[in-house]
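Structures are listed in the sections that come next.
You will see two complexes here that share chain A, one where it goes with chain B and one where it goes with chain C.
Entry: the complex of A and B
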């Protein structure tokens, strides 16, 4: 191969490092308006009055968009996958998190748009907020989500928990020499793209809309826009493909549908560029995860079984969280083979900014928990951390939590390479290990059933 | 006051493509009369380098120089459907779409060249921008000449289209989580070793070195892969010891609203980073590739936490591992606490964080 595997320069690198790449914010058009959002100041409140009259009457204001202007107010990120939508594009009679958009104003300048936002009269009746996922199940807890309650309850139609059950967990715990439990709580992280959320929407003379988008997923976002606006895909042209950083946060299509509505209503091109403060405080970020792991372990260093409870703090609305927890459940053994499993995963809603995709979605916190836990178990056993990991590492034809055979696991090889690169001495036995199907000492009794059944 | 050094490791796996699959990508390609190649794909480049990698796949498959490729992902009118750039899918899934499109174009180039050279297309090969007869390299014609002949002699357009879809995997048993087919396009693997220095007076953690080994099937462009690995390492470092949207979680107050109040790693926090690339080509990826983008920030946080334990003998399992949390743990240890509950064969860490201690209704555990 000549081209694949070569250290060729980035296709668009020169433009990026010389500032000549055209990003969405570089798009400027004659007559272009600028948008600003009115956002909820409360974590949880009823809207008792919403009056945009004064804002609409202001000089330089060309459109005020509220919930009444949205053809399809509620459309879920996972609606295509049969998971009901729960999040209104603009709040109607209730705000569920601080920063939730209530209205969008398009005006001659950003300053006028912001002043008009301030002139919109909203009366709120503030309600207690739920912020701790561990309290979501309690009687009397504030109810966060209209559609699902305080935790998602429609897995495969009617389950309120994403479950994995494999092998015989009670037997594993009965046979254990050691039972090690730990609790891991990972945090919310902001994607921090250099380019904040931004959109330019242009109403074309033929009735179409052109949308300059910063999305990571043009066709997904096309679908989101067309759903909210109830238009066929032929009527909207998404222009993008060159994104100033996303890291997952720009799958959300946070700015396109509202900017499009403002362009339609005003008949003018509209730009909506979020400030850094809005990006930090109101855009979807990585969600916090609460994870409790209990491993049943044998004295000679085998993980016989794992019980795990995961509570994902989704924020106020579902977005991709159900997907995230399902992915998390599929990978909750990490790079190890554990034949007996009992996993419960919940998507819990709290009155904070809805969380969304971020690099490592569903896994970053999980990998963190699993690998600290592995270290603790190894140390409790008095075992070398490499040895414990190499021993339990997945091998060809071992099966995943949902019973899929691993085709080409490289856990053994990456650990051996890491030991070699860091000058960590591995015993001859550990150096001789490979990804190959388990046999001999590497096929202890507790794994025989799994391998024997062919895994599938 | 003393500085303590420690080392820790972590190993991870990460799926390529959307969980449960079912995420299509499509591409089409046309060749200009001078043999230059236009690729149309709907894959957004978010800095991950998908324009570069997909162009490489097309150039390699067609046997033309990389700089003959023009890549257009600029809009949904001219580019076909791509589910998007997330889930580490742009190289594997969208890359397979352009690979299939390029194979079609290659066949058409060979078919036209076969007519021009009056030889069976199966006896032809294409490399370095020229079609030549296998075993008789002197008998050849440039791809530019082939494209010219297609356009002006044969009245044909050299074009191709491709689509890739790993079929959706369904959960066939919601009780057990069993699926009916693989829920990923591939799985990549990595391991990370961290060296840290902990200040036992301030609680400050400095990450001095990260060494990382990755098997991603095939490094399509090693420079870009190293960029993902090193950029990911820094993001993982930020997750490990610096960044949080909610400094007093679960409270939603005191959020950082700018670059001076939300702490991403800066140059002053960057450790030495060593990379090891391992290539075990995947079964179904273009030229054996697997995904790299999303896994690159996952191994560092635990490796750092484990290194902190190695350095000062405390576990911190609430993230990020701030100086305050390190000091609290050190204080507890000095006061004779911080140990797990040991009872018979049970070793229970972190019980104070469990839902069992906080919720009035939920209990969970063995």
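Entry: the complex of A and C
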């Protein structure tokens, strides 16, 4: 055991503190061009004219990329997993969110590239925007997504909702002494890595591409680049792994495909580094979640059943949201065991920047809702919130909403440590609780049936 | 325009209103100052100008004739690390590393100015330097260790289990 338990120094520590680590923006190449994007100023609009002629004619401009230059325009981040593509790499007939890229210019300097973007003539016919998920289902709501409409409709092939059905929800609510409902809404959040989205793409003499990428997901981005460019993966070399912060925001492939196209068209290395303003405006963020929870509770503090409705704001395109809501559904009881469940989750499209991963994708806002709700239930029962949480806390062989048996759940110990760290006095009974498989007082009738149903 | 950069005299030809950040990165190929926000908000571009920490993105070249500029490359090398650099390694204070260059520069100025391991004074010295990875605690530990003159072993990492710098009971917030 040379590694386990050893306090090893970071392998990249010396580089990080001496300025020697090479991030993508630090890559220097002879003849390298700099790129800038023309982005939509509207939340939702029809493009009636797109004329890049004046930009292409400007001195110092080496490539202008529009939708017509993209070999496969529409692709989806989950297309490799069978989810239909819905997002054009560059806007063609419509823009669906403010900040959506319409064109990319590669020029001798960033200033020239930005001036050329301003010279591209685009006429828009503005359309009403949908910015609130609660209005997406209304008759006459603006239609956001050209592939799916206003919500994703292809779960399990043809379902428009991610469902969890477990146990007997009607029986649980029939047996309840108390029903507690709440609506929780978390806001969007930008990851704010200090390094903004950035890419350097190099056209090699043999036709291959080398791409210095800031992605958090190298092979994933390779697939997205090769799909849009219709190139075999054997002809694209991705150089990455040195990321100036991502936090989920660099799981999406944001800058690689367009930079690669500009490098191919100009025949020169191209760097595209987003400004901080672009990062805040147009890079994928943690999406807002709308969560409605109704719990059926017994007087002695057991959660018998939960009904939940989640509406996830995906922004204008799907990206990973279908995955995010599925993960959310698997975790919708949080650190607690509830045997009877009825969960419906929707991926809803709005005219906002597409949303994506951020530290606990699908879970973080959910945990906020679950814990506030737990606190409210305990108060309504007149019960110590620690006691309420510890009773319902996951134990070995309890099963998750998607019927996975927990082998090593830590809820009990986490709650006990939390009480200790914050100076909350726990009773001897609560201090003695453990993660061990339920028995005795911790195995009431309503939980008997769910033990061991997880495949053990 | 004449500048001394990391002890080397340089004749610089960028336009007078070019930011020092752009001069360093694009004209001189010194890439440790980072373009995090380019509006003075994040601290990642911080360098020493005549010994004082300055946001290079907001510093116009024309104000610097004859100045001495030091970036993190000029503070120490992998073979000859400064105390602050050693402390950042030992205390795991650099995670993604993108803010580290500016942090190390600011911490160096603080310690060169006689700064102590006082928690509040260190926070004040690093105010305006954003880090999105560490939660700041390890950075504060590293600067305090460097200020105290702790023995620093860059071949191993300090144990957080023995961390006495910030306790939950003291708020734990930075």
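Just so we're on the same page, the second predicted complex is superposed on the first by the 449 of 456 C-alpha atoms of A that agree within 3 Å, B and C clash if a C-alpha of one lies under 4 Å from a C-alpha of the other, contacts with A are read in each partner's own complex, and residues count from 1 in each chain.
The working rule: a residue touches a chain if its C-beta (ideal position, glycine included) is under 8 Å from a C-beta of that chain, and two chains touch if they have at least 3 such contacts.
The structure presented is a predicted model; accordingly, all values stated were derived computationally and were not measured.
Visitor: Check whether A:177 is in contact with chain B, with chain C, with both or with neither, and answer first, second, both or neither.
Guide: A:177 contacts chain B only, not chain C.
Visitor: For A:114, is the partner it touches chain B (first), chain C (second), both, or none of the two (neither)?
Guide: Neither: A:114 stays clear of chain B and chain C.
Visitor: If you stack the two complexes on chain A, which partner ends up touching A:273: first (chain B), second (chain C), both, or neither?
Guide: It touches chain C, and chain B stays clear.
Visitor: Given the superposition on chain A, which partner contacts more residues in chain A: chain B or chain C?
Guide: Residues of chain A touched, chain B against chain C: more for B.
Visitor: Kindly classify A:245 by the partners it touches after superposition: chain B alone (first), chain C alone (second), both, or neither?
Guide: Touch partners of A:245: chain B and chain C.
Visitor: Would you sort A:17 into first (chain B), second (chain C), both or neither based on which partner it touches?
Guide: In the superposition, A:17 touches chain C alone.
Visitor: Would you sort A:165 into first (chain B), second (chain C), both or neither based on which partner it touches?
Guide: first
Visitor: Taking the superposition as given, does A:25 touch the first partner, chain B, the second, chain C, both, or neither?
Guide: In the superposition, A:25 touches chain C alone.
Visitor: Regarding the shared-chain residue A:421, is it in contact with chain B (first), chain C (second), both, or neither?
Guide: Both: A:421 reaches chain B and chain C.
Visitor: Contact-wise, after the overlay, does A:189 reach chain B, chain C, both or neither (first, second, both, neither)?
Guide: first
Visitor: Both chain B and chain C touch chain A; at which residues?
Guide: Overlap of chain B and chain C footprints on chain A: residues 6-10, 12, 192, 243-247, 276, 421-422.
Visitor: Please give the residue numbers of chain A that touch chain C in the complex, ascending.
Guide: My answer: residues 6-10, 12-23, 25-26, 28, 191-196, 243-247, 273, 275-276, 421-423.
Visitor: In the complex, go through chain C and note every residue touching chain A.
Guide: Touching chain A: residues 29-32, 34-39, 41-42, 44, 71-73, 75-78, 81, 84-85, 88-90, 92, 94, 96-101, 104, 130-133, 154-159, 168-169 of chain C.
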